[in-house]
Structures are given as C-alpha cells and as structure tokens.
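What follows is chain A paired twice: with chain B in the first complex and chain C in the second.
So, the complex of A and B:
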C-alpha cells in the first residue's frame, strides 16, 4: 500500500511553499515535490518581494530571510531613443520596519522559504517531476511522479506548478495559453560593487531602488523593462507579450542587449560583470485567463492559476496569498472530511473576495487595450518626450506660446478627436 | 564585462543535461513546408532551435524551460515536457 498524505503540493515556489507551510503548521501531513535540484533552481522573477503577504505567513521574516535591499525609491521612465521622461517616489518610511517591499534573488530566497516549511514538518522531495494527476471516479487522488514506483496519494493535490501548469491542462482546467496571454521576459544579473550602486542610484547601504521602463525599452512593443538594485548586483530585464515578440520578430536577448546599451541605461551598468542570464514566461492574461481553481481533490495556486497583476508588477505576493488561502480551505475541508469541489470552493470564494481577483478584475481589459492599440507605447511616449524637451528648453519663446505649440503638435499629428478617444480608452482600461 | 551575445549569456549558466531531449519536433515536414518564418528560431530566448536547411535542430541542452516554443509554435508542432527530475537548467541566483 503506497503512502498517503493529507496534501501533496506540486512545486516549491512562493505559492506552493506558502500552502505547504500553512498546512504543515496546522498539523496536516504534507508532501511537497520540486522538479529542480533545489527550490528556486527553476524559478525566476525580476526581483521585487512585497512585505505584506509574506509577513502574513512568516511574521518579521526580514530579520532572517536572505533579502537584498528594502526598496525606498520606485522610478518610472517613459523612454524615447535619446531621452526619458521620469517620475517616481522616494520615501524613507519604506526603509524601516515594517517596510514595503524588498529586492531578492530567488534561488537563495526560495531555498530559505522551503526550509521554513520543512521546519514545520513538510516532507520536501527535490528532483521529482509530477507527470500527471491520478484521477479516480472524477476525483484527483494523487500524482504520478517520474520516480520508480512513483505514485503518491493524498486527500488534496495542490497545483503550484507554475506558469506552464501542465497538470492544470491535463485536468482540463485550462486550454493551452495563447501567445498574448503570456509575457516572455529575459534578464541578467550583473555584478557591481556596493559603492558603485550606492553612488549611481543615490542610495545608502540597505536602501534599494527600482526603475520600470516603458517605451523604447521594448522598441515600442507591449511590455516593460526593469532595473532593480541588489546588494552587490543589478537585475536588468525586459519582456513583451509572446505575441508581440512574434509579430515584431524580436529576439529577446537582442532586446536585452539593446536595453543594456541604451544611452539612458548604459552608464548605470558600466563596469558590471554578468553573472547569470535567465528567461521565463509571466502569465499576463489577467482576469479572463484565470482557470478553474478548485476541483474534486485539487486546487490551483500562484502562476499556475495566472495570478499576476502585470500593471503593478505583482505576482509573488499573489502567489503567497493564494497558497495561504488554499491551505485554509484545505484545513476546513479536513475538519469536515470533505474534499469535494463544493468543499474546496471555499478557496475560490476567498480568492474572488480578496485583493487578488479584485485587482485582476480592475485591469481585466488593460492588456487587450494596449495590445490592440500600440499607439500608447509607440506614439505617445515619444510625444511626451518631445513635449518636455520643448517646454524646458529656454529659447526665448514665451511659455504660453510653447504650450500652444505642444498642444498643436499633439492634436495636429493625430487630430483632436483621436487624442480624446485614446485618452478615454486608456482611462477606461485602468480606472 | 557584461555579455554581448547569446553565446556569452548561455555560457553563464549551469545545466545538468539529460541524455534524452525533453523537446520534440513532432513533424519536421511542417517546419519545412508550412512554416516559412520558423519563428521559434527567433523568439526562443536560448537559441535552442536552429534551422539546418531541411530539419529543425533542437539544442535542448541549453533550454531555460520557459515554455515559449510550446505556446508560440504556430502549428503546435512541439511536444514539450519537463526534463527528468533534477535535470535541465539550474539557476543559482535570480
């Protein structure tokens, strides 16, 4: 008779580990499977970890977790070929407890987090692929792994198997994703001394800065780039929807090199030494792409459930919250000894009543709008740059005349009605 | 120095290669006759796919396991699995 667990969690990213940790802490017998050599060895993110949702799982985690820098400044660049319009916020309150968010490197962080689960009693098995869910009488009862005699059983299987979620597809919870539902992102970790980072980004030790870059960073395609400061390295990355990448025939690594050599970016990286290159998909389909998240004996969490807010670059926090909510639903199901979809749907209800689905709902049309109306990235960002250049260049033209010229150049290029229409459409997509 | 080419980028990585490919082109004829763009050779972030005149060469050893080829192939002509447990790419940092 093979061993049976209360819960099998497939995947040791933030969603899986949050779920495994919470279940084990509440006395459930948990098996967690990780296909990589160690947790984090297959996981990639730009690098911002939010404090709030992590703290709800491990209070005051910042005292012991391997973090890089607390982020005290968030900058946004609307970048053209040889200029950029920037805005942002820097606040020292983000540099002290309880903090807002941190830059992290995922391989060390995920290993630390998974080890916290093991401390709570999770049985973590690395180097094991869950090839399929074992389904009996319409109920998921376990998973078939790639180990010899590798069938394992549980009351509930948690699919935390990431953006590609082959298991979710196997169960028919979602179809294959379309190229416009995922963003292909590549990044590099570039080593740079602490002193250089502090000087170039106007930081002190233990202060971090993030820059999100729109416009020429993706050559006008739907996507963004980012630069995040670690202790002694910088994460720089760029991504667009896979559909944009295909349409524009872009090589992602060429786009990354274009960004690294961009006149606005290059001085920040000068003298740096590349340490790692990483590619990953981000589920960016939003609200409409979220699959079925609960079934008989099964729940889906994190990237596998497409829980990413691309507009606010939130993902790992949603992964953690969804993992915790799933765990709470499993604990309630265990008390009733009922693991049917009706019972596990309490996870779905919690998810849909939380900030996660409310935020995804708010932006449900945003990706579609920006994908089908490329003028926002291609035309308006260069226009903003030209307007700022004109307005701040002192050439003897009276300011009121300058304003008129700027308005004329905007409405003249597109027509007043088109501009109003574009503004209204963008507002509707994000309101 | 920061990297300038995809070869330099890939050289930074550690791979624990399986002897068997986890990526399979199902029908090489489709690449040859129906797919003039061979777009997988463009968007694959690790340059895994290379067109060799009559056949698609699949350098699975350098794969990041991102899934783009499975989703982006216009003919769903790529069978995509995870490498055997413990194999494939091993990220050390981010």
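So, the complex of A and C:
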C-alpha cells in the first residue's frame, strides 16, 4: 500500500522549500521531491536573494546561510556601443543588519535551505521526478513518480516544479508558453580573486555590488544583462524574451559572448576563469500569465505560478512568500479537513492581497509595451548616451545652446509629438 | 541467508583535484560517494534476495560520521540494516588495520544474526588496493573469492554458491560452501533505479553507529595509524599522456599515412618473431 502524506511538495527550490519548511514546522507530514541530484543542482538565478521574505521564514538567516556578499551598491547602466550612462545608489546601511539583499550561489544556498526543512521533519527525496498528478474524482490525490512502485499520496500536492511546470500543464492550469511570455537567460560564473573584485568594483571584503545593464547588452532587444559580485567570483548573464531572440535571430550564447567582450564590460572580467555556464527560462509573462493557483487538492507556487517581477528582477522572494502563503492555507485546510478548491482558495486570496500580485498588476503592460515599441531600447538609450556626451564635452559651446541642440536632435529625429507619445506610453506602463 | 556488504565512502575520483604542492588528494574538491564497486555488491545482494526470497541484507562501513550518507545510499539500493563503525581510534588505518576493525565489527554483527556471505567491491577507487576484502576473509577464516562477475547458482539447501571469476585469459567457475566472501567486478550487474519505497525508507533511516568500545575483544594496537605498517614513501602525480599523432589531409591521404605508419613504425603488431 503506497504511503500517504499530508503534503507532497514537488520541487526543492525557494518556493517548494519555503512551503515544505512551513508545513513541517506546523506539524504536517511532508514529502518533498527534487529531480536534481541535490537541491540547487538544476536551479539558475542571477543571484540576488532578498532579505525580507527570507527572514520571514528563517529569522536572522544571514548568520548561518551560505551567502556571498551583502549588496551595498546597485548600479544601472544605459549602455551604447562605446559608452554608457550610469546611475545607482551605494549605501553603507545595506552592509549591516538587517541588510537589504545578498548575492548568492544557488547550489550551496538551496542545499542549506532544504536541509533546514529536513531539520523540521521534511522527508526530502532527490533524483526523483514527479511525472504526473494522480487525479481521482476531479481531485488531486497524489503524484506518480518515475521510480518503480512510484505512486505516493497526500491531501495536498504543491506544484513548485518551476517555470516549465509539467504538472501544471497536465492539470490544464496553464498552456504552453507563448515566446513572449518567457525569457531565456544564459549566465556564467567567472572565478576572480577577492582582491581583484574589491579593486574593480570599489568594495570591501563583505560588500557586494550589482549592475543591471540595458540597451546594447541585448543588442537593443527587450531584456537586460547583469553583473553580480560573489566572494571570489562574478555572475554575468543576459536574457531576452524568446520572441525577441527569434525575431532578431539571436543565439543566447552569442549574446553572452558579445556582452563579455563589450568594451564597457571586458575590463571588469579580465583575467577571470570561467567556472560554470548555466541557462534557464524565466517566466516573464507577469500578471496576465499567472495561471489558476489553487484546485482540488493542489496549489501552485513560485515560478510554476509565473510569479516573477521582471522589471525589478524579483523572483526568489516572490517564490518564498508564495510558498509560505500556500503552506498557511494548507495548515488552515488541514484544521478544517477540507482540501477542496474552495478551502485552498484562501491561498489565492492571500496571494492577490500581497505585494506579489499588486506588483505584477502594476507592471502588467510593461513588457508588452516595451516589446511592441522597441524604440525605448533601440533609439532612446543611444540618444541618451549621445546627449550626455554632448553636454559634458567642453568645446566652448554655451550650455544653454547645448541643451537646445540636444532637444533638437531628439525631437528632430523623432518629431515632438512622437517623443511625447513615447514618454506618456512608458509612464503609463509602469505607473 | 544473511548477506553483509562492506561499503566505503570515497571521493569522486572523476572530479577530484590533486594539490600540486603536496601531491595529495584535495578531498574538499570532490563530493564523497559510495564506492561504485561496492554499489554493485549491494545490488548483487538485492538480486540474490529476489532469487531466493529469504535473504537479509546488512551493510557495514568504517569512516567518519558523514559516511552515514553512503549507508543511506545502500538502503536506497535495497539494504535492510546498516552499521557504521566510527571512532578516532580507527583513523589513519591502512588495509591491514581496516580489515582488522571490520572483522571485529562483523563478529559483532554475526552475534546478532549469523552471517552466511560477505560481499565487497573488488577495490575502492581511491586506493585501488583490493586488499581489505581478502584481509577480512583471512581474519574470519572463510574462503575469499575475488573478481566475481556472475553469481550463477545459489543453493539454500546445500548452502553452496556457484560463481564466475574473471581471469586475465578467460573465466573460472567455482562452487563454494558458505560462509564465504566475494569481491565483485562492475560487470556483475547494472545498478537499478531504486523503487520509491526504498527512497522513503533511506530518507528516514538512521544507521547503527558503533565506537571502538562497542566492539568486543579488540586489540587496540592493531587499530588505526598504530596498527598500520604501511609507509607512504613518495606521492606524485603521473605525467599526462602525450597526445597521439594527428593525421591531416583528405581521407585518402590520411589512410595512406596511417598504413605507412602502421607498417613502418608499428611492425611488431603484425610480425611475430
């Protein structure tokens, strides 16, 4: 007779582990399945972990978790071919408790987090794939794994199986992605000595820096690139929506190569040794792509529920919060002994009342706007670079005259009406 | 029938790095795994259990507390019970001291449940000596049968086992009375994908851990570094193989070049003196 649990969590990333941890801590009998050799072995993320949502699950986690550096500086580059307009913020308050966010490497971090769940009583099984949900009388009652005698049952199955949620598709919760709903990101971990990182990024040992790069980093396509500092390595990556890649006939590895050899980037990486190469899909469909998140005996969390805020590069924090909210709904459902969609919908309500869905709602049209109006990345970023160059080049032209010239070059190229229209459209998309 | 499989935690030598200064293995550079030959030994015990049903499989290891992981791995494959002997007194043991400690632990296991057969991998991938298995057999005074590639017959009534041994020019068929000790080659079986109930059992399983005080009749001078006469004289990293000769040109030219090379430079391959 196959065993029955209170909860089966499919996936041991941030969403799954938050959910498993919270359920087990509240006395539920939890089975967690991970397809990789160990948690984190299959997971990819640029590398920023947000303190707030992690702390809500494990207080003062920074005292024991395998973190890289607390981020004390965030830079933004509007990059052209041979120039960049840069702004950012550096604040030492981010370098002390309670911190703002950290750079992390996923393999050690996910293993540590999953081990915290095991300490709470989660039964974690690696190298096991949940092939399908077992559905009886319109209700999910367990999962069928790829192992012999592989059926296992539970009151609730939590789908934390990542962006390409096969189980979510099997249940009809979501359809195949459209190419504009997902981004393909490729990244490399480049080993570089601590001293070189500190020198090149103007940091102390326990300080980190993140750079988000727009414009020529994606050859003007919708997407971003990033450079994050770890203790003794750098994460560098770039991603664009699949639809942009298809349209511009870009190959992801070519794009990463282009970025690594860009004159603005190359000196930061010089002498580094490539240690890892990773690629992953990121759900970037936003608000409109979020599927049904609760059903009879089933809830969907994290990337599987498409909970990513692409504009602010937030994902793992939303994953963790959604996992926790799902766990709380399951605990309430257990008290009532009612695992129907009506009962589990308290998770949906919590999700929609939280920052997660509010933020996704705020940016619900942003990706669409920027995808369909490529001028923001293709025209305005180079214009911005030219304007700065012109304004700060000392050549005897009076500054007021320079301002006029700059305005003329912008409106002259596009027409005043077009520029106003573009500004209004961008404002509307992110307001 | 009670089968005990001796297993060892080894660094994954496929990825381990060698410290160029000290010429020793940098054990932090590779994760610890169940010695692959030992995994095949556990799998063979599982196969025998399928053949004659009434088989009980235990595994035994000596190592640091982290060696729990390979005992759990053995439970995934199908072992029922796992014993770990772990004590500072065992540290630094060579094959002589290791086989002594393991034989004492086997005595204790036998007092709980008499042992009919002991299985070992043919050697560990970190030391490559293949001495511990035969060492245990000698100490327990049972026949050692090395390099087993097939267990062809298992007769419960007669208490015999027929095995095939790999030899350099063929194989040898042997019938042995149990109790005996077999060391197995990789080709003896394929490691199966473990059933889910085994995985659940292993995830919950806590091995039985013994210190030196839990073992009986132990001469401590024969344990650990003290009991190890092996002296490592020198360690070095073997030079890398030089790359072969690369043939260039069209395929016709390459074939011509290859034949010329074989006939002139590698004559000894074709002409027997």
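Going forward, the second predicted complex is superposed on the first by the 431 of 431 C-alpha atoms of A that agree within 3 Å, B and C clash if a C-alpha of one lies under 4 Å from a C-alpha of the other, contacts with A are read in each partner's own complex, and residues count from 1 in each chain.
By definition in this document, contacts are C-beta pairs under 8 Å (C-beta built on N, C-alpha and C of every residue); 3 or more make two chains touch, one makes a residue touch a chain.
These numbers were taken from a predicted model, which means no experiment stands behind them.
Annotation for the three-chain superposition on chain A: chain B and chain C fit side by side. Using the contact criterion defined above for the overlaid structures, shared-chain residue A:250 touches chain B, although it does not reach chain C. Once chain A of one complex is fitted onto chain A of the other, the partner contacts of A:278 are limited to chain B, with no touch recorded for chain C. Contact with chain B, but none with chain C, is seen for A:242 once the two complexes are overlaid on the shared chain.
Once chain A of one complex is fitted onto chain A of the other, the partner contacts of A:408 are absent, as it touches neither chain B nor chain C.
Counting residues of chain A touched by each partner, chain B versus chain C, the larger count belongs to B. By the touch criterion stated above, A:40 is placed in contact with chain B alone, chain C being left untouched. Look at A:148: by the touch rule set out above, it reaches chain C but stays clear of chain B.
Legend: residue contacts after superposition of the two complexes on their common chain; A:164 is shown touching chain B, with no touch to chain C. Using the contact criterion defined above for the overlaid structures, shared-chain residue A:428 touches neither chain B nor chain C, since it reaches no partner. In the superposed model, A:372 lies in contact with neither chain B nor chain C. After superposing the two complexes on chain A, the closest approach between C-alpha atoms of chain B and chain C comes to 9 Å. Counting contacts by the rule stated earlier, residues 128, 145-147 of chain A appear in both its interface with chain B and its interface with chain C.
Only residues 35-37, 40-47, 105-108, 126-129, 145-147, 163-164, 166, 176-179, 182, 184, 186-190, 233, 235, 242, 245-246, 249-253, 257, 260, 269, 272-281 of chain A touch chain B when the two sit together in their complex. Interface residues of chain B facing chain A in the complex, by the touch rule stated above, are 1-4, 6, 8-10, 12-13, 16, 37, 39, 42-43, 45-47, 64-68, 70-72, 76, 80-86, 88-94. Only residues 192-197, 199-200, 203-204 of chain C touch chain A when the two sit together in their complex.
Taken in their complex, chain A has these residues touching chain C: 2-3, 31, 123-125, 128, 145-152.
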